[in-house]
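Labels A, B, C and D are assigned to the chains in the order they are written; within every chain, residues are numbered from 1.
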Amino acid sequence: MPKKLRLGIVGGGGDSLIGILHRVASQINDNYEIVAAVFTPDFENNMGFAQEIDMPLNRVYRDFDIFVNEEMQLPESERIEVCAVLTPNFLHFPMALKLLENGFHVICEKPMTTSLQEAKALQEAHKEAGTVFALTHTYTGYPMVRQMREMIKAGALGKIHKVDAAYYQGWVNTVIHHEAKRTAVWRLDPEKAGISSCMGDIGVHAFNMLEYTTGLKVESILSDFNYLYKENTMDIDGTVLVRMGEYVKGVIRASQVATGEENGLTIAIYGDKAAFKWEQENPNFLYMLSDTEPTQVYKPGHAYNSVLSLDGTKLPAGHPEGIFDAMANIYKGAARAIRGQIYNEGEFPTMLDGVRGMNFIEATVESHKKGNVWVNLE
Amino acid sequence: MPKKLRLGIVGGGGDSLIGILHRVASQINDNYEIVAAVFTPDFENNMGFAQEIDMPLNRVYRDFDIFVNEEMQLPESERIEVCAVLTPNFLHFPMALKLLENGFHVICEKPMTTSLQEAKALQEAHKEAGTVFALTHTYTGYPMVRQMREMIKAGALGKIHKVDAAYYQGWVNTVIHHEAKRTAVWRLDPEKAGISSCMGDIGVHAFNMLEYTTGLKVESILSDFNYLYKENTMDIDGTVLVRMGEYVKGVIRASQVATGEENGLTIAIYGDKAAFKWEQENPNFLYMLSDTEPTQVYKPGHAYNSVLSLDGTKLPAGHPEGIFDAMANIYKGAARAIRGQIYNEGEFPTMLDGVRGMNFIEATVESHKKGNVWVNLE
Amino acid sequence: MPKKLRLGIVGGGGDSLIGILHRVASQINDNYEIVAAVFTPDFENNMGFAQEIDMPLNRVYRDFDIFVNEEMQLPESERIEVCAVLTPNFLHFPMALKLLENGFHVICEKPMTTSLQEAKALQEAHKEAGTVFALTHTYTGYPMVRQMREMIKAGALGKIHKVDAAYYQGWVNTVIHHEAKRTAVWRLDPEKAGISSCMGDIGVHAFNMLEYTTGLKVESILSDFNYLYKENTMDIDGTVLVRMGEYVKGVIRASQVATGEENGLTIAIYGDKAAFKWEQENPNFLYMLSDTEPTQVYKPGHAYNSVLSLDGTKLPAGHPEGIFDAMANIYKGAARAIRGQIYNEGEFPTMLDGVRGMNFIEATVESHKKGNVWVNLE
Amino acid sequence: MPKKLRLGIVGGGGDSLIGILHRVASQINDNYEIVAAVFTPDFENNMGFAQEIDMPLNRVYRDFDIFVNEEMQLPESERIEVCAVLTPNFLHFPMALKLLENGFHVICEKPMTTSLQEAKALQEAHKEAGTVFALTHTYTGYPMVRQMREMIKAGALGKIHKVDAAYYQGWVNTVIHHEAKRTAVWRLDPEKAGISSCMGDIGVHAFNMLEYTTGLKVESILSDFNYLYKENTMDIDGTVLVRMGEYVKGVIRASQVATGEENGLTIAIYGDKAAFKWEQENPNFLYMLSDTEPTQVYKPGHAYNSVLSLDGTKLPAGHPEGIFDAMANIYKGAARAIRGQIYNEGEFPTMLDGVRGMNFIEATVESHKKGNVWVNLE
């Protein structure tokens, strides 16, 4: 009989979308109780937000350091067991590091860090800590993504020879075409937003999805970015040639200026027997293609699905579950791991996904800057 | 600064799908705390389940009567304020009645009662009580359904002249074609399952959707059922001609033997200016048709949507929300009503929807049994 | 080595859409040569049109009677063998009759006649003549419709228990809502347009599609029309309950005021094993549903299709063929029949389809006028 | 009053798919009469096929040289005016050249030649001849492709900054995975099939579609091919980075081993105002996306379409026209040009498209072979 895990949250206060996503997801399967938090840097806002969501105020802390220190003072039976890190990207690394060093489990938003170097340092700390580290590549939590993974692992596609993943959004159009905005917005300022916008924010999801579903690793990449305007120095669009083997090739396409696209993450995996196609905006439909048989449409909740897929569905077929449910599945898997229960390694992305993601992001920037040359991933 | 509402739950324990749906939905917007419950009739299971979801056990009661009595003993500031009724259909009426009589707010699963007579009695009790009563016609909680309602109200379709709603499922095929099963299953036994299977369980959703979106009332109906086998006496398939005005006609189609259909609730509303089409299994796409302009595809989360629609979306466009989110919207609206805040009457279905639903169900049975004649709704 | 069949055409001149459809379809498989015609009543227009399409002018006739008389004067080896009847509906009967009486094969547009009585008279004449009579229910010529028929015949759906066909258009909206127009337009004048608009023009296609694909016959119907305005007396919208057996029920929905719908012919057939769904506006996708297996999407041109389906596809899978190709398939089948070759009876609709169609149309009018009562088909 | 144009055909006999496509397309709008042909190299087959399609035999010739010579002997009023070249790729150049040199109009299948050098030579000959040369990039004939072109020209998308075109097929899977087959099949033998399989056969369509719809030119490309097996030396899969301006970038993706894909030509064009998306397998649906407005779905046959689009539709909206109709539109445009009538330059692809296509194909091979470097187009 499981007690709920004591969950702390850093970041995600106010109107934060990532905040509500994690908060809801953590509650969906009755595994976590939110007991401590620093939602925002401003203490008044912090307390106000805690009241708004009607959370006990005594463990809403003034800042992250106090949060960790105070929690460490508590008896182990009261202290948080796991902490969700939802702060701005540059804070992921120091916070996750400190949490790991203090023996906590961590559920961390992506990108895991702001550089591959940081990622590796965190990986070291994680090895030391021996706790659970889950990276919230949310989309891997969809039942039909899990179904792809399991069927590919079982050989349904045969030998994979081609991959094609895309993540197209259009929202940067609303700032990039206005001269004043494109030089002023922090998101397009490398000093504030890091080395990459498009690849770091969304391209890396497509990359992760390829490795997650195929079980293969991207070996090398060649990228080409589009900045749209001379004075813009952040990648807001790019195409990346990828190699996952000598004869396993493909492409990752990512854009934040793909006008009218909302959250267009799509993936296609082609093997010598069959293929899979899936789109994030219709997440409950998975298409399996063959050269000789009718296309098959897999949907969640059917007995024909794999255990890993079915574990991620709460209602019978035809009742659409969405992105909150996908995230909830990652929390569910993490809970199993934290409790030392048996779990499938596909239940949540890990530290390794984080390190590889940073490797990918840096490689795409390097490739583009060096004139669209091939760059190996480690 | 709102305190969470103290929510009681009756029914929905164990693997109950409706249980997890309500439990999750109640938590999504930080409005409710589950403080008391009777999940199942068996007390051991009841306690076991409460432990499984790690809920305080002191207010998990032995049965419904004890539940009400004990809660009434508590000071008003601790006592539940609102109770979700998730028990089998025949218990909705007596339980909701008692809850209303004791001054509680009620969130009730549909069908509201097992007869129109009961529905009216409950309506009377509700008038007396003056509390909030929300009926969980879940699908009205989808942002795009709300968008239909608001745009129709604003005249986007002009004068409505034709409606077409369907709710097609196939699951009864798994029992009806086996002679032994079709006479043994409680769901197909009128003594146990009530006067209607298909209309009572799903047809009524289609009916409610028509009235919810158009703001019009169904005036009369003519129905024809298909029992499939001589020895089956429960409607498992039926088509209902409907009139919502002298020149406003249409059809409600419902089936539990529409092979391969999962949860196929669809609606089409045609006016003299434009039309809407929507499907529950792709809930985030709303199609607006015109005879002279390109079809428009509305999606949730865009600024072009109505306030009522946007209130039901938590994430930016392109992040699919599903049925848990739809139900959460109904809980959100009910919370506003319970707290005496201003709300749009489209935020949750009410007692009136329940009464009309029972009226519809009984009318379809009467029409069929009398030889497919027109029956007026009250 | 087949010589092209000598084809005559009556009607279909000028901008006639049915004209270009038949003319093109007749040429697609190299089976017919257009050698004689009366395209329009006005001789000057007639000749002008013949010149426009660059057809030999010597057998372009002044009117239908001259057409038949002159052709009969020609030696049998030059005389037309088959004639396409594309004139306004009320002329189908007298013209087809005379053509049959003179020993010609006939390819006739639908509705075959303007009454069941005429239809039966034509049926008698056809028996006498012993020639080929093909009725152009164009939509039965689509490869995926043929695939449905063949798979149903082979038992793929098991025992059929439910059918649902619709034909929704919106074009009547452009006239019906203007008081002046709705009383003046010939199409809405029963004296000029016959007893039915919606059922006669499109409902009958849905009816034919049900019988074509299932191999079952509609036994009885109950219909309800919507006239939209008091002064309109033509059915422009209607729903028809149908019975194809004691426990085989369903619905035909037809409308010409389904705003924004273009040519929305759809069909769904549910059996105890599986189901088919198909839409005319995406004619190259056929969905096979099951309660337990993934949905399968059949497409034309694949080896997994039936002989009848493959006979109707000219290019490999993925090259969309459309309505001209569907009509061409009907012409192709008729050519086989005319030449005395072996053909599948699903290759073209026949006299029997015409008689049943008129029976259906008259029954729907009778049912509605008598107050929505059941009317048996013969 | 137009006389039909006298059309000759070389190639396309027997079961040739390209043969029936051109033959049917040439007849659809009553513009051409097939009067002379060499369908196949074998004279007996040639005559047999001519009889099969019931064509006059006196101008069915023994070979291409005799064809040209004999036709030149005929009086100009009887001689063919235009010739369709449907022979294997390596014959396009010599045949088209000779036809142009003898003053004929030419309708030529793609790829226009087997090298850029040949293409330029043909271009020279064409300048000399002054006749009409149409290249059958069939897909540009679809009404919705034309609609894209016209709306883009009119500024509907604003400034274009991103393009993404794909042409995915899977049929090579049926040979490439069998060692015996992949070394024996002529299609994978560069000596027989030319320098490129995937880019030459289908990639060039995607390339042409980009230039056709945007009005922009591809300036440079970088390509990466996948051969799948060491002993295969033909490109059967490749991704091509493209630049159509300093800040106009994108990708062309092409594959013949995209398992289960049939004829998946898709295109997406993103501008600073709006975007278009279109798929060849659903050719009658054109999606216009915006960051702030609902997606709009354009369909053929509506008054809101451009003149160029409407010129390519024969029936009202909702009557699907397909690839035969697209090709027929190209023939229709060519007929206008041949007759000296006014036409829109979007009505058919020209010599320039052919030269650019060969330039593209050679550039992709060069880029890949040189190690994925940028190659400029001329």
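Methods note: a residue touches a chain if its C-beta (ideal position, glycine included) is under 8 Å from a C-beta of that chain, and two chains touch if they have at least 3 such contacts.
This structure is a prediction, so every number in the text was calculated from the model and none was measured.
When chain centres are defined as mean Cα coordinates, B lies farthest from subunit D. Interface comparison, B-C versus B-D: the pair with the greater number of contacting C-beta pairs is B-C.
For this pair, subunit B with subunit D, the centres built from the Cα atoms lie 54 Å apart.
Each chain gets one centre point, the mean of its Cα atoms, and the points for subunit A and subunit B are 34 Å apart. Rounded to whole angstrom units, the spacing between the C-alpha centres of subunit B and subunit C is 42. Residue positions 171, 261, 288, 295, 299 of subunit D are each in touch with at least two other chains. Across the interface of their complex, subunit B is touched by residues 1-4, 17, 20-21, 23-24, 27-28, 30, 33, 48, 51-54, 169, 171, 261-264, 280-284, 299, 314-325 of subunit A.
Taken in their complex, subunit A has these residues touching subunit D: 157, 161-162, 164, 170-171, 173-174, 177, 222, 224, 226-229, 237, 239, 241, 247-251, 253, 255, 257-261, 268, 270-275, 288-291, 295, 372, 374.
Of all residues in subunit B, only 288, 292-299, 302-304 touch subunit D in the complex they form.
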